[in-house]
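Each structure below appears as structure tokens.
In the two assemblies presented below, subunit A is common to both, partnered first by subunit B and then by subunit C.
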Partner chain A sequence: MSTESADPGLALHHITVRFGGLLALDDVSLRVPPGRVVGIIGPNGAGKTTLFNVICGFVTPQSGALTLDGRPFRPRPHQLSGRGITRTLQGVGQFNGMTVLENVQVGARRRDDDAWAALERCEVAEHAHRRPGELPYAKRKRVELARALAARPRILMLDEPAGGLDTDEIRWLADLIRDTESTVLLVEHHMELVMSVCDEILVLDFGKPIALGTPGEIRSNDRVAEAYLGTAA
Partner chain B sequence: MTVIGDRVARATRTAAPRRSRLSPFIVVVVGAVIVVALTYTLPPFRTYQLATVGAYLCVTAGLTVLTGLNGQLSLGHGALMATGAYTLALWQNKFNLLLPGILVAILVTTAVGAVIGLAAARLRGPYLAGLTLAVAVVVPSITSTFDETFNSDQGLSVILNPPPDSMTVEQWQAWVCWGGALITVLALALLTRGRFGRDMRAVRDDETAARLAGISVARTQVTAFVISAACAGLAGALFAIIAQSVSPGAFPLTLSLFLLMAIVIGGLGRLTGALLGAVLLVALPAVAHEIGVAAGSQRLEGNLALTFFGVVLVVVMLAAPGGLASLRLPTRRKRVEPPP
Partner chain C sequence: MDRFVFLTFDGLSRGAVYAAFALALVLIWRAARIVNFAQGAMAVATAYVGYSVADATGSYWLGFVVAIVAGLLLGAGVERVVMRFVDHSSPLNGVVVALGLVLIIQGVLGMLYGNEFRPAAAPFSRDAFEIGGVALLSRYDLFVFAAVGAVVVLLTLLFTRTPTGLRMRAAAFAPDVSRLLGVSVGGMLTLGWALAAAVGSLAGMLVLPTELGLHPTAMDVVFISAFTAAVLGGLDSPIGSVLGGLLVGLLLSYISGYLGATVAPMAVLALLVIVLLSRPDGLFARSKARTA
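Showing the complex of A and B:
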């Protein structure tokens, strides 16, 4: 008997979220097959982070469902890591009272070797015994990324990872996303990064999905240009 | 990874300031030797004060882990101490078996701490402080409500077997109290060095990031509160042994405030700070007493200790924001270079 699921990966089915009178997500559906890099873009307030919060269990949708490998999935934030899903936060969500190594060990849980491997992969191993607060912003972002990678996730959720980074750092980040074996969900405003690493892109506007396609299809979509990218995109 | 990357990583691991698992054991053994030596050299009253420092150390160590490492502010640990003290008194007066009595006192206080901890895990900042403050006020007043059991404001005397002939009462009290304190410190040192310690600090620093890293914030907070309550229960039981009586007047609201100030002055989140705080809890009221007597005012004495604590808190926070335990003698740091 095959152990493979008929519908591998993460899928969102008709997700709707309201905050009082505000419709934050309006009937959003998305499939994230294993190994793919899926971008979620849109103007500020489009619902990108809310969508991440639904996947992480911080927000419960009013309607719709999630499935993981074809099975109903009711996420709870502290169980995500155990299910193979990790996420970085906008800015840097770090434990400033701990060393860089301890920050990453928290993500790695029981496996110290995974913590070191993640630190080395993110090229911050030399700072292992310093506090994150002593490091430049870009290095702190790498530490957070290392913590997410240390859990060896099957799905890696990156919430604006390029925010505040310079060109070289963004190039490094793009290489890391391309090289990772994890499925990647990427919320990002840096269009060059999104277009260069994503296999598929979902565009949200006022909580509503307005386009879904490859970077080439999204670039040439008039609705997306009007709502978000502008004519120069 | 590159060759250079390999070298840097290897050097970094080598240069890691590794903390030995053995060191808390060594500290505890050395501490025990010092305490035993002091009990044979100090006069009886100082030995009694030494015992009191040991009893205080149990509660300050637990509280500094809760507040300093887990970020939960408790103003109710005096009440938890009262729970432990009354439990031991009731047990001793019925069964007169000290060691099981201490264990029962810890268990009962742990259960009370679990109930408070469950509520505390849902509260933050001033709301948590408010809840624990209510506990500090309510628990001692229970003794007045159920005065047939607790004998109201007069409290209960504690039946204890006499100490062995080879030692004085004060020596025996110091040994018992420091036995409890050193076991507490050892257990907390081992606990906070491992994964649970990391989880507590992660929850303190960023709850959202901690959740996403797979930590159950509520479970971590409740566990921290329960551990801290167990320490307070032990401290209460030891106080009952030292005083050979328990009464609500021994566990006023100011005791909880003193405990909190002591761990902040000593150094929040550090067991060394908890020890320094415990010493201050005994030393400052004694100094206040001396000054009160010298000034010829018994009324002054009651408030002077609190004033002293306030002044010391301000001075220490200005001079050493990390508390007394953060003070270090200036030393030259040894540079660790990666191998060629």
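Showing the complex of A and C:
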């Protein structure tokens, strides 16, 4: 599970995070090679979003380190985009006082071209001049995805992108994740989506990494079943 | 009727200054959720700098430009050195610090320049043109309209047509989301304060020649009028602040003209109370504008 390598991509080395007396992440290591889709799953409170927050620089670990392309990486939120990393948030964190196009332009590398390309890719270009708050929830989720894609990220971090979506929307999302050229880090509760798109999955339980492997390996892992179901499979 | 026409034009001219000052308050409110009660004192401070340069060089326009630049620097400095370190968990903290800044700035100005009124020259005649025997606007009024109009147009272009303006708006709506999109929220805040203070400085340079002149507290009453204008228009609404400024200017002009100048300050306060009680979000504010 632990990876100490200078290979291209993002790597987390022995990350530990405490919030007061709570051990949110306990010696977590993960390697995210370029072009892969890596899922992070676990029950509520497992530390998935905390791990994302460490990668984004919102949370500073008490110990451990990150590397990007083999070099030390000290993330700061406003510098992430410049390093080729973008993240969506749980729910829809949009600028409701701005139009859909303006929302996407904020994150776009090339203000107009990339914004329109991302809107078209996410099939919300016809709503470009409306405000996100006027759109149905599923469309707003697509706008959020478009905003992340407009930055043309190397690493795309998706935090529960399937939350609140119906089956058709989740199928569309799965196709998008499979088709993207970006490396994808996916935190998600929807197991069917995770199992269908991920190359590798890290399972956390109470902040501890309990399994890392392919979807098939994770499906047959007793510790994972116990963590999710409270009983050995 | 002649009087009404004159008071209307006079009110619009005065209202344009309130609009600019209210716009400065709205800029900071939208960026930082702080009502900058120090805006008036900051504007006076930069006006002192501007008029000092004008006196030393004999050039009003050089002093005018220096005052605006001083506003930019003072605004950026206040944000970087003071406001950035305020605990924003309670909105009251920023207000208290801003009020403290008022006392400090006015105290320092009193020590440096004294507490007597000093003349503030106007660059153009304030004698109104007469058309058909009716006094309308002075050249100075036209200058005020042009200056405030230019600021409104430039700010509108900045916020709607430029990447920087887009980032400033994004940072104001949802700072954490903006950071993830590569926006330097701190930098945008500094820029917002700088722009707001510069607009406040412009308003100060425009209004002081029409009042008693330079004095550390010279902008206090103007601040109350502009604050009323901002509340009237909605603290979240730049357009509302401009319309609010014009409305307050007109109201004050009519009240001063028909009821006497001594009634005007009370009328402003009465209007402020009425608006706060009946439409606390203002007449033009978009509801839920910052729910991202």
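Heads up, the rule we're going with is that the second predicted complex is superposed on the first by the 220 of 233 C-alpha atoms of A that agree within 3 Å, B and C clash if a C-alpha of one lies under 4 Å from a C-alpha of the other, contacts with A are read in each partner's own complex, and residues count from 1 in each chain.
We take it that contacts are C-beta pairs under 8 Å (C-beta built on N, C-alpha and C of every residue); 3 or more make two chains touch, one makes a residue touch a chain.
All values reported here derive from a predicted model rather than from experimental measurement.
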Do subunit B and subunit C fit side by side on subunit A in the superposed arrangement, or is it a clash? clash
In the overlay, work out which of subunit B or subunit C sits against more residues of subunit A. B
First (subunit B), second (subunit C), both or neither touched by A:176: neither
For A:81 in the superposed arrangement: first (subunit B), second (subunit C), both or neither? both
Identify the partner contact of A:105: answer first if only subunit B is touched, second if only subunit C is, both if each is, neither if none is. both
Just subunit B (first), just subunit C (second), both, or neither: which does A:123 touch? first
Now for A:95: first (subunit B), second (subunit C), both, or neither, which partner does it touch? both
Kindly classify A:184 by the partners it touches after superposition: subunit B alone (first), subunit C alone (second), both, or neither? neither
Touching A:56, do we find subunit B (first), subunit C (second), both, or neither? both
Determine, under the contact definition given at the top, whether A:46 touches first (subunit B), second (subunit C), both, or neither. neither
Touching subunit B and also subunit C: which subunit A residues? 56, 58, 77-82, 86-87, 89, 93-98, 102, 105-107, 147, 151
Quick check: in the complex, which residue numbers of subunit A touch subunit B? 56, 58, 77-82, 86-87, 89, 93-98, 101-102, 105-107, 109-110, 116, 119-121, 123, 125-126, 128-129, 144, 147, 151
Sort out for me which residues of subunit B touch subunit A in the complex. 1, 5, 8-9, 12-13, 15-17, 195, 198-199, 201-202, 204-206, 208-217
Given the complex with subunit A, which residues does subunit C contribute to the contact? 163, 166-167, 169-170, 173-174, 176-185, 286, 288-292
Contacts from subunit A onto subunit C in the complex sit at residues 56, 58, 77-82, 86-87, 89, 93-98, 102, 105-107, 111, 133, 147, 151
